[in-house]
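Across the two complexes that follow, chain A remains constant while its partner is chain B and subsequently chain C.
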Partner chain A sequence: MNRFWGFLFFLVPVGGVATFAAAPYFNIWLPRDISEHGHAIDHLFFFILWLTGVVFIVTELVLFYFMWKYDAKANKKPAKFTHGSHSLEVVWTIVPAVTLLFIAIYQMDAWASAKMRPPLIPGTEEMISPTVEVTGRQFNWDFRYPGPDNELYTQDDIFRTDGKLYLPVGEKVLLRITSADVLHSFFLPNMRIKQDVVPGMEQSMWFKAKEKGGYDIVCAELCGWGHYKMKGRVFFLSRAEFDEKLEAMRLEQNTMRVAALDEED
Partner chain B sequence: MLAIAAAITLAVGCSQSEPPPFRLNMVEMVSQETSDDYQQEIADVLGALFGTPDEPVALEETGLDANMLARSAGPAWSDEKGVQRGLYRKHCVHCHGISGDGRGPTGRFLNPYPRDYRQGVFKFKGTYTANRPTTDDLHAILNNGIPGTAMPAFSLLPNSSVESLVEYVKYLSMRGQLETALISYVYDELGEDDDGGRIPLDPAADPEQREIVLELLAEIVEDWEAAEQRTIAPDESQIPSDDRTPEEIVASVAKGQQLYHGKEANCYTCHGPTALGDGQQNEWDEWQKVQQKFLEETNRLAKSIQERASQDDQDESSEARLEEDKQTLAKRQEVVDTFYPIRHAIPRNLRQAFYRGGQRRLDIFWRISAGIAGTPMPGSGPASPGATANLSDEEIWNLVDYVMSLPYEPPSRSQEAIVPNKDEIF
Partner chain C sequence: MSTNSGDHADHTHASGFLRTYVFSLDHKIIGMQFLFSTLIWFFIGGMLALGIRWQLAYPWAPMPLIGNLLAGPEGGQIAPENYTMLVTMHATVMIFFVIIPILAGAFGNFLIPLMIGAEDMAVPVLNMLSYWFMWPAFGIIGLSFFVEGGAAQGGWTSYPPLSVITAAAPGSLNGQTLWLIGVTFVGIASMMGSINYMTTIIQMRAPGMTMFRLPMTVWAMFITALLQAFALPVLTAAGFMQLGDRMLGTGFFLAEGATANNSPMASGGGQPLLWQHLFWFYSHPAVYIMILPAMGMVSDIISCFARKPLFGYKPMVYSISGIAGLGFIVWGHHMFVSGMNPALGMTFMVSTMMIALPSAIKTFNWMGTLWGGQIQYTTPMLFALSFVSMFIIGGLSGIFMAATPVDIFIHDTYFIVAHFHYVLFSGTAMAVFGGIYYWYPKMFGRMMNDSWGKIHFTLTFILLNCVFYPMHILGMTGFPRRLADPYQYETFQNLLPLNQFMSLCALLLVASQIIFFVNFFGSMFFGARSGRNPWHSNGLEWQAPSPPGHGNFDFQPVIHRGPYEYNSPEVEGDYYPQTQPPPEIKE
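This part shows the complex of A and B:
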């Protein structure tokens, strides 16, 4: 009966491996990556997954082995106590420390390219001008496009509050992101990029999408009771379509006439 | 262990909770001294005409679409095809309440409070001040949300869902308006009959009452239907052209500034001389005013009871009246205890660059022309088609130009802080 508990511990690594193996078939895996930069993030994810996974399985199997072999009912020899092994302690401190140091250095480039190297105007140290300003508020994402003069915070800015963000595909885009009230986090799962937005703090986010289409925007920082439904949709369009869309939105904002009333039905 | 857990589950059962009922408009009921019997009868009449939150009734007289109502009503679930049902309860009820009274569980934590539909008054619409909003107006609010408030945008829902929700909002609004009309009807017309007994409200049994109730409903429905034709269409000849020169725009803005500080529009009295919304701040919007008046009346009654109770020489009828008043006070106090903190209507800070009721020039035109229904913001345009107005359309467009230029004036632009590590901050 006591070996039963040892056996349960054995099921843990078995169950763990089975879950990860089966997950893609149930569509519980990474969302489709459509970004230029995303492969670096995914690569890091898999690297750490394999590294920690192998260590985990080995550790669990060793644990199971000891529970099975030295089970009290089957093993009558008295336990031998030791005062510890200094060299063992050194080894199992140094090895994980080196591994962690390795991971820390290995990921620096991915982090820097997402957070520290904004797209610059060629030949200068200046950031390219933002394509849109995203403001998170409880519980909606509001967008402000710079308008024809390509400068934010001027009178021709275009405001959209319907949660639909339009961006050009195949280009590096810079987003200004901020919050109107509390912490939110602007998360684009299919771009593998997210950033907490802090009220009063001017932050930027940059990426390049490789495919057209509509993808999710979700809030990734608990912001209140509506956090779960603080969704938006980002649409990547070709540059020409994007310019057309901006013009259509600009015209809509300048509407001064009532739309033609529907025919009587 | 598992066996015990299974046994407990079977014993307790898996029953669903009771379907929620509509709540009565207690402010109206108590302020018009509707007795408990009449309260029940009014609830019954409303139940017969409008149904329950789970099973709405769309009488032909209301012109509402029963299918659309059915999609919004009831518990939230999705069917085999994945079509979402119970939309109101999924998306709206936690703020706007089961009866559309703006008192859902999360309502009290919001500033501004969620809209109470029961008066049929909606702030952001394109119709004349006294008219209801059109279906398109409500649809636009649902699609764009209201930035600056907790109202999110629902444009990511299928269009049919948004339409269904709009229909349900109108349904709740008509129901609330009829409730108030019935309360007044009972107070004004019913009461005691010749033998001193109470005349019950029972339209099912009394054809005259039935006719009157249906008439009250018809008036309400007519208002809603008429609104569809009441969108303010700016006069074509006075709409600024799309290709104005910069000088023309500057001139228009200057004219708008004059009007802003002038006596016909009086904008500065509320919005402040610098348009920060720091003019007078002592008024209430309609929804808060009702509560404020109720509260003041209750306090007056309490004071009067206190004064009378301290008097020694009371005759029998005074004593009886005092007892009655004490009971009334208790009922009123119950209602007052449910109020959220009453807030003044603070005039909008016009230097913020975004607007609650829509970002289009036409939206700003509508706000200035028709004001904002339910709030102290008055309309400066005609109150109905063809009526005389304080300002002409052209002058209103001047004001639109001025207002929309305010956020970009030098005083509106914040000074950039010069921090030592500015170059390192992204």
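This part shows the complex of A and C:
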């Protein structure tokens, strides 16, 4: 019973590591990354996981060891009368400080690339033209594509409100994002993309997808009772398929007659 | 309950019941008033959490037994707007009605004068008011559940425009107004308290009690009071600005033409992000307000039960100061993906990474205190040690979100929820339990039952890890916060069983607290009498009677050393109280 408490604390590093070791086998892990820049984020995540993991294991084991060894019921040596150690303080101040500063600086390029260096038209300082404007509203994602004139905010733009976003795969795309009402957040887990959308603020986001397919769009900022159902899907298509899709959407938008309803009225 | 063992009994008789127990000016009574109130709100906040866990385990299923009572019109289900209310009010209650008042109001009030050798706080009337200003907050926030639209639903962070445009959510009707007023009252109460604590600690220390002979609890309370005093006014101002936007047509936080849910357009001209800056300028220091006193108490408890001086006293003091100072320049890390200028993401990343440093130093010093000690595994010691173990997890997980690119992915996911529950529950709340078991004899003159305390500890320790640790891996999947039904997304479809496990453990965790409550109340009447210093602690508070009377000490304390001189070679025996004269000067 005496050493029970040390043992209980020993379970912390054991359980902690075991949880992370077992999780991938239950498919509880980072979702599949289909983006170009996502590997930088995932790399940083795992770098920190390993670093903090080692620190976690070592410190928890030391804590357990001291609890085990210096249990008064088992250890009869009188307690050491010491107030500290100046050299230890210096060491365990400088080493973590340097490590933390290193981690911060190591990350800066990934952040700049994701948020501060938009793709530019070659040879100019201008951003490439946007592929779509995403508007979050209670409780849906609306999309606005440039029409055949390839310019957003003109008469021939294509509007979609069914929550399905189509984008070309394998190309750097620029999105304009905003909100119609309250704060929302445009989150694509499989692209490692997230940005809050703010009413009255037009922001840009940019990325390149590497694989085709359909993936979740999740709203990641509480926006009211319907926050949970603000679900969208993004579909990455080949450039040819994307152009076809745009054309089909344009035609649907321009049809004089509304499509027949499925059910009887 | 508080039998007076000092010589002021006749003073009490003359005062009557209301003056003695209700509108008391005695810091110990006020401390206990805070303690009882916050423990009740702890229960309420816990119930709100169980509601959240129910929805995440059985989405849209009617709650058994209480479903019809609480959600009759919805057939016992938690309606989606009520889910957002649960997450908002769980956090609001825990932060403003539990953690902050129990640390500063209960422990700060009770302990500071006793630990520094003072008779009471500097301004006892202000102290009494700081408690009673909580009651309008309790009433107003309690009332908010019953107004049209219900209590606030915009998250405890109350981001505009959701919280400002009344049409945007049912809880953004009067519920949000009441929330703002309630939080303002809490802020005023805290500011009154903090002025008192700072003044008392600076001005009223007993002879010989230099600043560097103060126990860590007092240092922590002092620095925390500084944080409160400098940060709260910003939140209070922001709260008034939001009230203005809601009720007076000001447009601090609304863009031109702002509208939601077909509401009339606002005149705007403001910025939603302005709220976030103001709010987090307070709320980031607030999280340090919610941990520093716990760290101080843990230092006192660990030193006592390791029978060893605190390792690195001055580094510990400087670390607390460093955490507080740095705490004012990291708020932007809550806003990395908010639309804030990304260049600020760089600067806030650096400052946020650096704030992990003083916390790491403290952790190493606690371990240094244990090294070579004679550890007594009492209930308070177990809770204090669990603080250290769990704080390691909470602190390390913070590094992920300090890393701005990583935060792009984990922001607003359960990884964040894991982090703050580790520091606040597995950290601070465990330290609070430890503090209650430790100082209970001083408050009530009796011991809490140690065996039941250990059972309470073991169950709580195991179960909290079962509830909160999996939140890290949940967050890795991108599992979002504040979202009533994540399982309809392909990405999160397979996460229901894990959430059910966590919810079951949460229920068991809450149930285990019954052991604590029975022990707490039962020991007041049936606990073994404790005497002045049952733990053989060096702290000055243990030299006063248990419980102390008005005026606290039945002698004039004169201080000769710090509070951590355990196993000193100057004396026989393993402790050496602060008031005991050194051998050469003994009369």
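By definition in this document, the second predicted complex is superposed on the first by the 256 of 265 C-alpha atoms of A that agree within 3 Å, B and C clash if a C-alpha of one lies under 4 Å from a C-alpha of the other, contacts with A are read in each partner's own complex, and residues count from 1 in each chain.
Operating definition for what follows: contacts are C-beta pairs under 8 Å (C-beta built on N, C-alpha and C of every residue); 3 or more make two chains touch, one makes a residue touch a chain.
The structure presented is a predicted model; accordingly, all values stated were derived computationally and were not measured.
Trainee: Contact-wise, after the overlay, does A:M127 reach chain B, chain C, both or neither (first, second, both, neither)?
Mentor: Only chain B is touched by A:M127; chain C is not.
Trainee: A:K231 in the overlay: touching chain B, chain C, both, or neither? Say first, second, both or neither.
Mentor: After superposing on A, A:K231 lies in contact with both chain B and chain C.
Trainee: Of the partners chain B and chain C, which touch A:E60 in the superposed model: first, second, both, neither?
Mentor: second
Trainee: Between chain B and chain C, pick out the one touching the greater number of residues of chain A.
Mentor: C
Trainee: Once chain A of both complexes is superposed, is A:G170 in touch with chain B (first), chain C (second), both, or neither?
Mentor: Neither partner.
Trainee: Who does A:M116 touch here: chain B (first), chain C (second), both, or neither?
Mentor: In the superposition, A:M116 touches chain B and chain C alike.
Trainee: Once chain A of both complexes is superposed, is A:Q203 in touch with chain B (first), chain C (second), both, or neither?
Mentor: both
Trainee: Touching A:I103 in the superposition: chain B (first), chain C (second), both, neither?
Mentor: After superposing on A, A:I103 lies in contact with chain C but is clear of chain B.
Trainee: State whether A:Q253 touches chain B only (first), chain C only (second), both chains, or neither.
Mentor: First partner only.
Trainee: Considering only the touch criterion stated at the top, classify A:A72 as touching first (chain B), second (chain C), both, or neither.
Mentor: Touch status of A:A72: second partner only.
Trainee: Residue overlap on chain A between the chain B contact set and the chain C contact set?
Mentor: 115-116, 138, 203, 225-226, 229, 231.
Trainee: State the interface residues of chain A toward chain C in the complex, per the touch definition above.
Mentor: Chain A residues touching chain C: 5, 8-9, 12, 15-16, 19-20, 23, 26-31, 40-41, 44-45, 48-49, 51-52, 55-56, 59-60, 62-63, 66-67, 70-73, 75, 77-85, 88-89, 92-93, 96-97, 100-101, 103-105, 107-108, 110-112, 114-116, 138, 181-183, 185, 187, 189-190, 192-201, 203, 215-216, 218-229, 231.
Trainee: Using the touch definition up top, name the residues of chain A that touch chain B in the complex.
Mentor: Interface residues on chain A, with respect to chain B: 115-116, 118, 125, 127, 137-140, 142, 144, 153-155, 157, 159-164, 202-204, 225-226, 229-233, 252-258, 261.
Trainee: For the complex, which residues does chain C have touching chain A?
Mentor: Spelled out, the residues of chain C in touch with chain A are 79-81, 83-84, 87, 153-155, 159-162, 165, 168-170, 255-261, 268, 271-273, 306-313, 315, 337-339, 342-343, 345-346, 349-350, 353-354, 356-357, 360-361, 363-365, 367-368, 370-377, 382, 385-386, 388-389, 392-393, 396-397, 399-400, 402-406, 408-409, 411-413, 458, 461-462, 465, 469-470, 472-474, 476-478, 480-486, 488-491, 494-495, 498, 564, 566-569, 574.
Trainee: Quick one: in the complex, what on chain B touches chain A?
Mentor: Listed in rising order, the residues are 94, 106, 126, 143-145, 147, 150, 152-153, 155-156, 231-234, 236, 239-240, 242, 353-354, 359-362, 365, 397, 404-405, 407-408, 413, 423, 425-426.
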